[in-house]
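Across the two complexes that follow, chain A remains constant while its partner is chain B and subsequently chain C.
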Partner chain A sequence: MHAPERLDGLRVVATPDALDHAWFEGDVVVFRIAHDEVIAFGAVVAEVPDEHAIVERETAFVGWGLSYPEFDDLVARHVEWPLPTERPALAQGMAAGLPVKLWFEHDRVLLVVSSGFAHEVVERFRLPAFAESVKKQDTRRMRA
Partner chain B sequence: MLIITCPNCGSRPVEEFRFGGEIPQPPESITDPFERDLDQVWMFTNVAGVQTERWFHDAGCHRWLTATRDTSIDRFVD
Partner chain C sequence: MRFALDDQPVDFVDGDSVAVAVVRSGQHPQHGGALCLTGDCGNCSADVDGVPFTRTCLTPARPGLRVRRHPAVGGPPLQLDAPKNPVQSPVHAGVEVHRRHVDVAVIGAGESGTAEAARLRADGREVLVLDSGNGDDVVGVYPGPLVVVRTPEHMLHVHAHEVVIATGAAEVHPVCEGNMLRGIVLAGAADLLRSKGVDLGTTVTVDIAELARFEGDDGRVSRVVFADGRTEACDTAIVASRTKAPRDLLARMVSDPNVRVVGPAAQRFDLPPAPVDGFVCPCSKITVGDLQMVWDKGFQHLELVKRAALCGTGTCQGGVCMPHLRSFVSDKQGVEAAPFTGRPASRQLTIAEAAADVFLDPFRRSALHDEHLKLGAQMDRFGGWWRPWNYGDAMREYWAVREGVSLGDVSTLGKMIVTGPDVVEALERLYPTTIADIRPGRSRYVLLLNERGHLIDDGMVCRESDDRFVLTFTSGGAAFAEAWVRDWIDTWGLDVRIMDRTISHGAINVTGPLAGALLQRVGVAEPPKFLQHRHAAVAGIDCHIMRLSFTGEASFELHHPVAHSVELWQALMEAGRDMNITPHGLQALFALRLEKGHVIVGMDTELDSTPRRLNMDWAVKMDKPDFIGRTALARTADLPDRRRLFGFTMDGPAPTEGAPIYVGDRIVGHVASTFTSPILGTAVMLGWQKHEPWADTVTIDGRPATVAHTPFYDPEGARARA
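Up next is the complex of A and B:
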């Protein structure tokens, strides 16, 4: 299990058909969070065939990569709704009282939350907090 | 547990949603457009039975959805 990573990417709002044919540059994980909205983590450039599309940089999420045994042990028992069986798949809803997004890949699950809930995730799911190096950097920045 | 079916996310507990109120239908007797708007916004039927409501999926897709609920038994109906 790893400490969380900040997930940068692009948020795109466009027509459903345009999102079906959108293209993102980079090593991208695309969350189709609604029929007319996606968050493409890792994307830097987006090509969306919709002249009215809204494309904004998205930096408000953090994610934990979990193996399936870790997910079953720490997270799954807090989820009260049916989990998807196909892979890859996105599921979003409430777990342990927090709004989470779960990205199921073949060999791991990515648990994604708004960064404002990161400390709550650490406490409620007993997941690792931010890496030590990040904490030290933050402390130095505050002192300066 | 009260379950709402979100078109984007699937079946979820009602705790994930925010209630947006019923969708009132102004009576046919009100013909003036301004009066109809006023009635639709401020006058509620509050029926003991099936009514159409708006719900916001706060913990999921952040989208409004329309659902029909039987208020007398507090269950959603198709």
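Up next is the complex of A and C:
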């Protein structure tokens, strides 16, 4: 289990159709968090076919990469809702009273929260704290 | 093998429950009452290893257990082992919750439950069977449906598409004179005890319908008196009954189409004869006489009898008393009374079990949290965030703003970007202020009203281009405001894009007469003028600089990507070192804004505060064709309104916030905010008068106070514009 990493990317609000056809440059993981909103972690440039799209840099999230045994042991028991079985998949909701996003990959789960709740994640899930050395790597890209 | 019962050893054998071992030793787990040994009654409950009201019939005996009988009268003493420092107590309760998502949960592994589970599995359904005999003690069924289970290791929350309750039927307990004697067991319990090799001595078996009373010596049954007058001597009285009672407490807890009851639990049984004597509710020691008393007082419905007498509210939650209570009421009313509602929990839980995986609402930390701590900040919770209340000397912080330069962490403000072809139309409808005439690069203070014209939030509207705006909201109101804006724009069907930036952007307020000079030192050669805003690099960091003022001095809010908050804060602190730059917390901020007469929504306002009541009509343009709240404001404009927020001043120290405002002996309102202003040499207040005629002079804290115009400080606003 590793200390969390700050997730840097782009947040985009646009028409749903435009988001369906959006293109992001970079080593990108795209969270479709709403029909009209995505967060593209790792993205530095976005092309979105919507002249009114809002494209903003997003640095407000941190993520813990967990193996499935770690996830089952520390996080899953706090999740009241059914977890997705397909991979990859994004799930969002409350866990241990915190708003979380869960990114299920084939070999790990990324637990993502806003950085303002990072201390609560540490307490409630007993996960490693946000190390100072990591905190300074604010431009570090998340690798999928 | 032995355990301790009231500090005396009790032998047991493998497979014994605590209750069986206690009975084998010739004792009773409580002080009397019929035993069912199936968990239906509370007559065997005791304190086990410090946990009171534990059903000893469901507790396997093991060496070292400490069992203590509850007092014969009253309840067990409360164990008040409070943590030494409640604030620092661990957030984790001692009990974990595990969760399972299943297709069907079947509660009960008896005949009906087993058959139903087999049928469901044959249909290809995933079935989880829960049974107390296997350690799965179901304590509640909730909408969802959700089944809450206590296991020996942890709490288990089962989220099922369907719940089948197959808990069977229970034997009916005897209610008659002498029914709280020791040595009375139900037929099933007698069978169990015999199978465990317990010597019951001379036994007499009596059908509940033929039972008149029990008689005994020294608290133990010695004779059974039948209804026909016969008397038989015994060591143990065994009560059999032809009728039963459905074990349907769980079913009565929830009304959910995905919860169904099968088998005897769903069956209708004849009620026993109406009780005439004895304890109906052994748990709460309620007698038939008690029922009659509440009935005579007018509580003539089963639910009312239950509430008035507390019959059915004890350990067994009606497991013993329900058929007799129903029979009592049915006999009075002449129609069969339906069972009362069931409510979780069906089993006694410890606080740790009940609170397992329940967490307090979380409070966010801004990215500057650690910086505040390094500077000695006293942190407190406001509006869902941890915020600096002060840095050890609120007056020093106050003077830094008034005379020098100060930083405030306003990252907590609500922030939102809105764009789109209909964005102006949307904002015109959302706000009572004119939006269309705000030029790009300009900003305007706005109120947010609800349909009743009541103030729900306030903030700024900053226009960036023809079709792009940045909105701000209060820290505490941000989440609601976001939902408000989204809901209305969705409802109107307007073509607008909305991006919330509350957590994504940090914001630092640089304020004080030297604020502009400080910004020049960090790369902003020409800071924006009052109510202007623009994007610029500050100490190399891209910021959206908003010039406004809440403190009454020149103020520049620097909105920036939250990842750069620490870097920006440190750069500003370093650049202002020779200016004696000092950060300020909320304590100073509340004082500074009060001198300016700025209201804080939720602190100075009430749930039904209109702009008129707040003297903020100037922020409402009734000549606009429409905005949320306009109809209500127009309708009430000519109506009398007794409530008004006033500014007050008085000599001496400021009174406590919330202090009553008197005119003569009459309380006419209360003080909302107070501060002893060092720069004005007087106490300043915002307070409500709620009775007309409004007075110019009032009494607060036993001293005269005078209505005063706001702003108290710099009424022309020259300092904010400087």
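To be clear about the criterion, the second predicted complex is superposed on the first by the 131 of 144 C-alpha atoms of A that agree within 3 Å, B and C clash if a C-alpha of one lies under 4 Å from a C-alpha of the other, contacts with A are read in each partner's own complex, and residues count from 1 in each chain.
Methods note: contacts are C-beta pairs under 8 Å (C-beta built on N, C-alpha and C of every residue); 3 or more make two chains touch, one makes a residue touch a chain.
Every value quoted in this text rests on a predicted model; they were computed, and no experiment measured them.
**Student:** Tell me which partner A:93 touches in the superposition: chain B (first), chain C (second), both or neither.
**Tutor:** first
**Student:** Identify which of chain B and chain C touches the larger number of residues of chain A.
**Tutor:** C
**Student:** Under the stated touch criterion, which partner chain does A:14 make contact with: chain B (first), chain C (second), both, or neither?
**Tutor:** second
**Student:** Using the superposition on chain A described above, determine whether A:6 touches chain B (first), chain C (second), both, or neither.
**Tutor:** After superposition on chain A, A:6 lies in contact with chain C alone.
**Student:** Considering only touches as defined above, state whether A:53 meets chain B (first), chain C (second), both or neither.
**Tutor:** After superposition on chain A, A:53 lies in contact with chain C alone.
**Student:** Looking at the overlay, does A:80 come into contact with chain B only (first), chain C only (second), both, or neither?
**Tutor:** both
**Student:** Could you tell me which stretches of chain A are touched by chain B in one complex and by chain C in the other?
**Tutor:** Correct list for chain A: 37, 80-82.
**Student:** For a test of understanding, state which residues of chain B touch chain A in their complex under the given definition.
**Tutor:** Per the touch definition, chain B meets chain A at residues 1, 7-13, 15-16, 58-63.
**Student:** Could you pull out which chain A residues touch chain C in their complex?
**Tutor:** Counting only chain A, the residues touching chain C are 6, 8, 11, 13-14, 36-37, 50, 52-54, 56-60, 76-83, 96-98, 114-120, 123-124, 138-139.
**Student:** Which residues of chain C touch chain A in the complex?
**Tutor:** 91-92, 96-99, 101, 157, 159, 357-362, 364-367, 369, 385, 417, 419-421, 467, 495, 497-499, 501, 503-504, 561-564
**Student:** Which residues of chain A touch chain B once you look at their complex with the stated criterion?
**Tutor:** By the definition above, chain A touches chain B via 33-35, 37, 80-82, 91-94, 99.
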